[in-house]
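Take this structure, written in structure tokens, and hold onto it; I'll ask about it next.
The chains carry the letters A, B, C and D, assigned in the order they are written, with residues numbered from 1 in each.
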């Protein structure tokens, strides 16, 4: 957006997010909530670094967790070095504070991407997806073999209350770690946003849109993809470094296909085409993964269904939806569009409730107990037709509203 | 030593053929429609579970036919109402759809049939030994599996090479738009191919279920290897997929059978290396599951179009 | 008169099909040289060979005396030869201004920098503004290139080709599919582009060819059958018989 | 903020439906951090069911020091990082007793996290009750005052297995096959060490490792066992790795005893079925004969109500916690921990002692073999493990290298 914005307007998003980060600890208490917020911060950096590849650079990767995991291992080994150096107090590591470990993560991730990336970046598309899938599986399997580096199944653990202390911030409780995560998430998000404004950032968009034309304006696409690959690997490593400090343990799972899948999930649900899309995706998916399983046994099924719904009905993701509303608000015709959109949202809620009802009832039938019902204190009896009628009613209402709002929207445009 | 070689070859062939049955469906879908179907292994699992459920009522052989048909129907519904809708948003959207679909199918199976592996076994008479070699007997069922796999390969090869439908599919591989202009209903062709691919996966499930145990995690455990077979084999090449799956099956089985560590190999070649070090102590057996992915990375770097393919992915 | 572009016995075949069968061509420095010929004569393939999109089967291409045949397109671009595309080949999601600026980065060797904002590359931004004005798309400055009307996209196509300050420019049917008014605007733009540069144009519209070209070469079935001034070509019997036939204006 | 929103939503609906909770003495709550969803829930759900089933019974007998026992499940999807998030959530919910069992990697993460938590929060310390992570180091070099283990560790079980093999003269060749990760290597090293001490004449004809949970077809390993001429196999495999191994062994007619640690994992007996009879041996703290009528009746009740078999070790753990709480007259972790140290308790499986030195439970161990048409079959089948040997607690005990730092 190179349109002439007054400097204040350009700074507004960053000031607001700084304000939000400062206010959160006042509104929230309890280490459990803080540890989820720290996880959200880590996932935001991880999802954004993934979108540097996919959303910005058009490169679909299935091995992004490799750089996240290697960054985490780099940082945890750094933490152990700091701990050991603490005894005699000499050497580089004795003066290296734990807070800067994400930089070690960044360096490890970027270095790994540098070593591996060149043959990968020959082509984007399916070839890139497959070769990163191969890399992901290789490194995940390899991580079981080198105990000194990866610590085998049990992983490598350490203690973050070592090394020099700055600003009196001892990383004891998740509440303290919050400040560490808040600092790094703001810095990383700003850095990744700034990257999109640099010439390399613009050209990475160009390589996404039309790699062939790029050659004819003097740039081999492979070089650009390689540089973007290294930068994305670095920021993934930074996220890994944050995770190492937050959990004080790094296990091979952080390298595996499931973690790469998580990055894809967050970026896609959040919206690939919008810079802040993956941030929205990271928050939603992290909350669903951590909290939902407290309330229902079918939490993984719900994550899958949300993902399917977004891919089918909102291909530009939640971020895309927000962007649509923002554009309409800026154009001033928000009021005209609102009923159509609200109608659509209502339809989604109704159908979702119907679906949740069906799944929980089936759970009641097949597993003989249902957590969600217990938590809500309702005792739906799966055999009584009344309950199923209610579910059918929800579906009917949902589809009705959906059609109505669709007609309304078509009438508008 | 001979015994190990004979058995490894037999086991390698069996595992390879099973891999082929599983990935042959994906060769069609992935190569022809360009759809990176992440849910392919989930349809394989559905095939096993449907065969288990139907088998209780109608017996093994009827289930062998019914289960793939059922899964084909499901595949058609998925393509018609899901994939087709997402198609115009490009390949990434299609991939994301199948990615979410795999989540949903795996969890639904877990929801309906519970988390304990179900005891889906081949009928008793098929488990009797077909022949006995070096005192170890080789069950009829394994022989039947190999036969079905080879039959499947021949049938598929015939269908693709010799029939009109096959010609349409091969044409749509490279020139999808033109096939449409020639008056063929390409969307229905895609639906047919997708359903047929899922049916092939289901058939592999019906056969593979008793061999590899039927449990909710079976799709996730197998997942990515399927892509290796298709890419290493070469896009759109059935023969390539056949060779690739045999290659992977044999390499993996022999790596396991030859219990030799890297240190031993180096020493055999003349290096004086401590065979129990952290790196040199790694045995071929522990590298075995990595071999398909080592193959994948090497093929994509040095021969992107795969063994037999003409197209680069 | 030094030659900007020298092409000796250039050949290209795709498997058995021989598309370019030994082309010899000299393009003078600073001239506007048109290449015309019936459909399927191999004009686009010829352009692809010279610009490096395809590697020739045999033969040589020299740019300012240096051999460029077989080089990668970016190497040829860096040596000062740029080309446009018959089908607009722009960065769909980026704005018009962004498209132009991307084409300008190479000149100030700023493409790979990630430590300063794109706006701070003074030379590239100034050049992009200049070309934006030249191709008359100033008011469409921020709309995505993919959403532009056809003629504007063709103008952007030319803009991106000249943004890189190449001194030899290949234009592939710049006025294809344009209305008369749009064609006259395009001709005016091309005349501006031609100042101080060597131009080679592939074009079907004889009006445009005779309006702009200093010299014309006629490509038929992969061979140049004639080269000369517009007058000479109009009256050349071989050209008439092979290409212009009776309807020559 | 996010948690509060969910809670508000749930609580409001509760009130909406008019179900008010009966006011009782403030309950003592235990958190079970184990895989409760996804493919691995097959090892987490049975423990949750057993804990809730035993808690109901103990609450009828007055609960723990008068407080009703409440079990809360936290799903970690057997992932160490997720376990730490759930641990923090449990501590946040005011829970001071953490139960875990599946995955030595999860155990290792929880052990180090709980040590650090207690060090950093001296006023709300937490106890880690481990019912199945049998990595020996937890009660040796990595022992901690806040960790109690209610299951015999790898070496204790291997000690008994190797004793049984040593007594049997016609065992000449032993084949070891394990999963290629820390647990598998511990089992293999322990077996080799102990066999060399007790029967140097026995030849280890194979020591193979295969990747965890990745092998689809065990026939190559079986043909190796067959060609090695082994007459007994020792394996620590669990889950799919034990199911497929035994199925393959039966298919290829390899009729040697398979001595296992996890032959009774839920799902194994269903999968293995008749193939396991007289082939699968189990070393564990109990057996499937259910000679004690009261336990037999509970097995039937639990299976009917929850669909899972009786889990004796988990039941004994909760019973000992109740005994320790009653004896300490408090539910405060430090007090309970002090009384739990050295506590003696008579459970169904026999006389149990929680050794104070390293917090490792000393218990009798049983070697049993899978048999058909048992009085109480497992997983709704007719198969279960019939006892063939019993080792008293003092036979099964092993010294420890633990030097525990006790809180002030």
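The rule we apply is simple: contacts are C-beta pairs under 8 Å (C-beta built on N, C-alpha and C of every residue); 3 or more make two chains touch, one makes a residue touch a chain.
The chain list, named the UniProt way, goes like this: D = Branched-chain amino acid ABC transporter substrate-binding protein.
Quantities reported herein were computed from a predicted structural model and do not represent experimental measurements.
Chemist: Which chains are shared contacts of chain A and chain D?
Modeler: Touches both chain A and chain D: B.
Chemist: Looking at the contacts, which chains touch chain B and chain C alike?
Modeler: In this structure, the chains that contact chain C and also chain B are A.
Chemist: Which one of the chains is farthest from chain B, going by Cα centres?
Modeler: C
Chemist: Whole-Å distance, chain C centre to chain D centre, using C-alpha means?
Modeler: 75
Chemist: Using mean CA coordinates as chain centres, what's the chain A-chain B distance in Å?
Modeler: The separation of the two C-alpha centroids amounts to 31 Å.
Chemist: Taking each chain's centre as the mean of its CA atoms, how far is chain A from chain C in angstrom?
Modeler: Taking the mean C-alpha position of each chain, the two centres sit 45 Å apart.
Chemist: How big is the gap, in whole Å, between where the Cα atoms of chain B centre and where those of chain D centre?
Modeler: Computed from C-alpha means, the inter-chain centre distance equals 36 Å.
Chemist: Quick check: what residues of chain B touch more than one other chain, meaning two or more?
Modeler: 106, 286, 289
Chemist: Taking each residue of chain D in turn, which ones touch at least two of the other chains?
Modeler: In chain D, the residues touching two or more other chains are 38, 180, 211, 214.
Chemist: If you look at chain A, which of its residues touch at least two other chains?
Modeler: Each of 141, 144, 147, 298, 300, 367 in chain A touches at least two other chains.
Chemist: Pairs of chains that touch, anyone?
Modeler: A-B, A-C, A-D, B-D
Chemist: Going by the contact rule set out above, which residues of chain D touch chain B in the complex?
Modeler: The contact residues of chain D facing chain B are 38-42, 45, 180, 206, 208-211, 213-217, 219-224, 226-227, 240, 243-244, 247, 251-254, 266-267, 270-271, 273, 379.
Chemist: Looking at the complex, which residues from chain C come into contact with chain A?
Modeler: Contact set of chain C toward chain A: 51-52, 72-74, 77-78, 82-83, 85, 89-95, 97-98, 101-103, 105-106, 110-119, 121, 124, 142, 160, 163-164.
Chemist: In the complex of these two chains, what residues of chain A are touching chain B?
Modeler: 54, 60, 119, 122-123, 125-127, 129-131, 133-135, 137-138, 141-142, 144-148, 257, 261, 264-265, 268, 272, 298, 300-301, 303-305, 307-308, 311-312, 315, 359, 362-363, 366-367
Chemist: Okay, in this complex, where on chain D does chain A touch?
Modeler: For chain D paired with chain A, touching residues are 1-4, 6, 10, 13-14, 17, 19, 36-38, 74-75, 77, 79-82, 84-85, 88-93, 103-105, 108-109, 112-113, 116, 120-121, 135, 180-183, 211-212, 214, 306-307.
Chemist: In the complex of these two chains, what residues of chain B are touching chain D?
Modeler: 3-4, 7-8, 11, 14-15, 106, 110, 115-119, 121, 127, 129, 132, 134-139, 211-213, 215-217, 220-222, 253, 256-257, 259, 283, 285-286, 288-289
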